[in-house]
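Letters A, B, C and D name the chains as they come in the text, with residue numbers starting at 1 for each one.
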């Protein structure tokens, strides 16, 4: 049989072997099966602090080698792209080192713990001129991409309202410790913030993408459990993250935003929802049924007008021609596959896939304003880049 | 203030003071508040077997008098219309006597225990030339009336499928007795049949109205609890009704029907549902959220096509201009108010409101074929009238 | 037949013949049919500015007489209770005059345009010692009353979050005029405020009832359509109401509140929703399916834990033993019937039905703080009574 | 790093490169990433009639070689297992040849066109003593597996009703041709039957698994579009498949079954639903939201009893510990991954994963009875194996 020209390899070094490391590794592996891509991902190396973890992950996912020191991995010249899946406190150092070494840099969200860190990272990748992207994966859930298409096509008309929530309930127990493996998200030193950087960052990224820039915000934050045992120090220590955060926003386009996130909403595991109300139509979506998009079109005749539940599985839906047949849904992990495929397609065409570090820095700036407002109760303008 | 011409009184004699008696009395009382009607209902007399019941009901609902013998009530010349809300075994006798006395006759569904009884009743009211109607109330739930309008306007195109269910769970306990007050529906002598006459009769009436005549059926019936204490005899007696019944049907229009009813569907109280699939559009409805209509229009553009949940409360919806404002739902009892209003409007215009006894007899014929098939396992043609 | 002791009459004078007038009149008429009450409502007089309107309303609802001047109606000594269903700008004057005349006073919500007006009204009824109540009807939707019972029984445990919305879309068109019949809600002089007094007042009343007092708030308000033709002056005039308002709140019990209301949420007619997240369980409800309550119980075994959709129709549910049978839903108007029945029952027992004017004044104080914050962007404490 | 003992390779030869070929290939590739398995799948060869198709599929999915003649592939001694994803008319010949060659045999559903063919296949694999399995994948959707666990644990008690539907709408257009690539499902010669073998077979497999054997059935079948252009012959030819089929059933356990399938239900793409009503609890599920299970427990206290929507994503749910975190859903394709993982685990432990050919033959027997009843209108007993 005739062989087509082999594809260019893209040699990946993944840092971090946790939940997100798995999601990214799966994306590298799945994308070539379902997409026609200009690059062939090569799983060159996985880096984890523990040798055993790294080795096991390498076997499970087919990485060629395992490392335990990320600085060493960045030094390797057989790696083209560094993908950062570590806790937030190491994003800046790894990203800057990788950029300085001329590697492309992918970074799990949020970009950084603070806007200041993020700004350094943006500067580093832009100075190095390396491809870069942040894994705000929800943009590539087909129903969310469809929402973007509907908005861009003008179907909604002038936008009046944007509202989003990200509700979880996994930290209600005061027995849950903070810090260390699996729980660094409760440790402000590691995470930077609580739900703001972890969950609202997702809501904000989507909002900026779908509805444009945020001008100013006022916020309310709360830490319900004031002290938790710290897994690393072994001591009961104050909890310094925000357990819950809600904020009001004014967008550049004149619409009003309401955002809320918490890890104390009993009954919700990962209920990311958004709704957009326009003059002519409205859209809503939620992560617990991510394959559906709610759509209301005021242009429908009045006798049959109602919220439509669009089952986003037909082949003309974003990304869905790559998967199965109408009616058969995909899941969470596919958003990473789509983002990675888009990254490779972007590399091939020279147009980088969004969100870049610069795009993601805008989310950092909103988070910064939100946390500042949570602290002083004032409205805060969102700083420009 | 100038008084408009007073309306013609319509003097009502209601027989039966149970659940249905209340629903009808409420309809007489509310219709004039919400509709502009050519007649003024006058609650002349209530008849119940027990004097105390009749008196209490009269006070509660404002009837002018109370009777304990329906034959005596029919003899009264100050009554224009007899409304029958008794168990099924007395429908025939009362209806025929009332017709012969020249009264208009309203009858709670099912028309009769058997098609033979029903035929006598049709003959009686038609011979007497009196107005008559059967209370298949679900036709007048606004969402159901809307379904009829959408079908009649051709929106669905050729119909392929009609399916209906009526699921309840109230007779699962074998401790529940049969017969007597509140439980005559479990006694074949009083009810004629079980779920077929009680619940499937509703499904069939709606189906005939929305989708036309049924040609033939094949059915499966079951009695899960074989014996129950009989409240009247005080003895454990065989249960002779159908606890559950499902049937397949072929409609005259070439579509296929599937119907099912049971009182053993744990978790459902009064879950009457129907769905109609046409070439161009589909419709679905259920009684547990009766103010909504599901509608799918294949003509919608493919990116936003989906089942619509129409909240049937706007003023251009059937009957809804009479009630509140958009977004505010009405309930079960309103279907009776609508039907009674339509009856009075029909009287005024000389066009009788459906379903008449003759219309309802078609449902009896389908029930008869269903029960016959349940007994012998064969397909049965539905007899003409 | 033996007549029981006749009930005491309660002679009602209703002021206002609009949408709310009908809802109240219906409540007077329906309550005695479905509830066993210590008083017999007598529909003594309806007052509307137009003689024709008053006369027609009297005929439709069976009032004995019609008035066109509310002061004259208050002077009548054959009236026990004055029920105020006029636009907000006349609530104070009518209520105070009625109280001074020794009448019981019922008032449609919001109590007043401002907290200052409300305070005068509270003082007047308390000084006169007359029974008084404000028609925050949603407390008596059975599912909402059930929510109250569940919370009071301790099922939710410590409360973390309370969120509510009231979303409508009826004023999006800039062609819609303001002021005058049917549109006084858009006229700040008549209404006092926009969505805050009209819609958020409902959300706040329920929240105070279910979750206790609010300590402080920060708000964002917006008027999307800046000018509208005024129906009374005939001129294009500035719109001075809030078209949309969102606010963040801190409750006395330590929980966080988020509230939002708008008349620019395309696709929603009267979507009042609330959700409460407690340590052990959560509850949610919405007005578009008012007969259902969402309930999540963390105590359920993990394999079958999930949000329950409780169909609030069984006879052990609040108020539902008065209506039909399990599975058959009631609607919007029934909340008024329940509130009126509770008022009469309260009169009989000497315990006044909530919310009284004093209760409703707490909602006024929250609204006042919200509007102040919307104006200056600061957090505002809610003033005590 | 220390290498663990390498896993035993399992060398796979896949026949068929269509939709199902992709679903199976994906299962081989993903299972080792997410499960700890005793065998390492080796994608040895793909067989497709067209050389180009086979080569492209091999590249896309990483098969080592490509074949165009399935007989040749079976002859290869470097292949352990033959997986059949061809149209139904070749299942028998391939399976028997593979079994006779001593290969393990996996077969896409339905097992065969007819019960007679199926019986030969069962005999062949059992005579050869080779591992065998049929890809009734829906058993391994976590929510469906959970349903099985709940039933087996006795939570439902005595079962009264089982109902299932599989509704599609893709063949409504009479312009759609029959036969050949992508459309062999409309050609009775290739498919054996229409919706009965294609869709009801799924419903029946699940039903037999969850609810035990079916004793007898009565069915109604219909072919709405009588003639279609045949893609292979190029002529308009009669359509000989069943476009729609509904049947009533009696199970061995005394419960009643209703089943329906069609490709003419406008608005439904792949709406496989089932509901089971037991004395103590009920369960429902549908493929359009496959990550949820509906559950109603009559044992819940009456004030909060309602249908629960269980979001089947927590780590204690079947298979879900292998995937992401609570709240994040998986999709259709995962059911194949699970089944393949179970097959390998079964091989390792010597216990073969269900459904085997013998298990799947019971579904063939039900289909046979259904089609016979569709033809003659009589109740048919289901033949034993």
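Just so it is clear, contacts are C-beta pairs under 8 Å (C-beta built on N, C-alpha and C of every residue); 3 or more make two chains touch, one makes a residue touch a chain.
Protein names from UniProt, one per chain: A, B, C, D = Glucose-6-phosphate 3-dehydrogenase.
Bear in mind the structure is a predicted one, so any value in this text is a computation, not a measurement.
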So the chain most remote from chain B by C-alpha centre is A
Counting C-beta pairs in contact for B-C and for C-D, the higher total belongs to B-C
Per the C-alpha centroid definition, the whole-Å distance linking chain C and chain D comes out as 55
Per the C-alpha means, the centres of chain B and chain C lie apart by a whole-Å value of 35
In chain D, the residues touching two or more other chains are 268, 292, 307, 311, 314
Among line, ring, star, complete and other, the chain contact graph is complete
Given the complex, residues on chain A that touch chain D span 1-2, 4, 19, 23, 25-26, 29-30, 32-33, 51-52, 54-55, 58-62, 66, 168, 170, 268-271, 287-292, 311, 313-314, 323-334
Within the complex, chain C is touched by chain A residues 160-161, 163, 167, 169, 172, 218-220, 222, 224, 244, 246-248, 250, 254, 256, 258, 260, 262, 264-268, 277-282, 296, 298, 307, 377-379
Interface with chain C, chain D side, in the complex: residues 146, 149-150, 155, 292-293, 295, 297, 300, 302-311, 314, 316-317
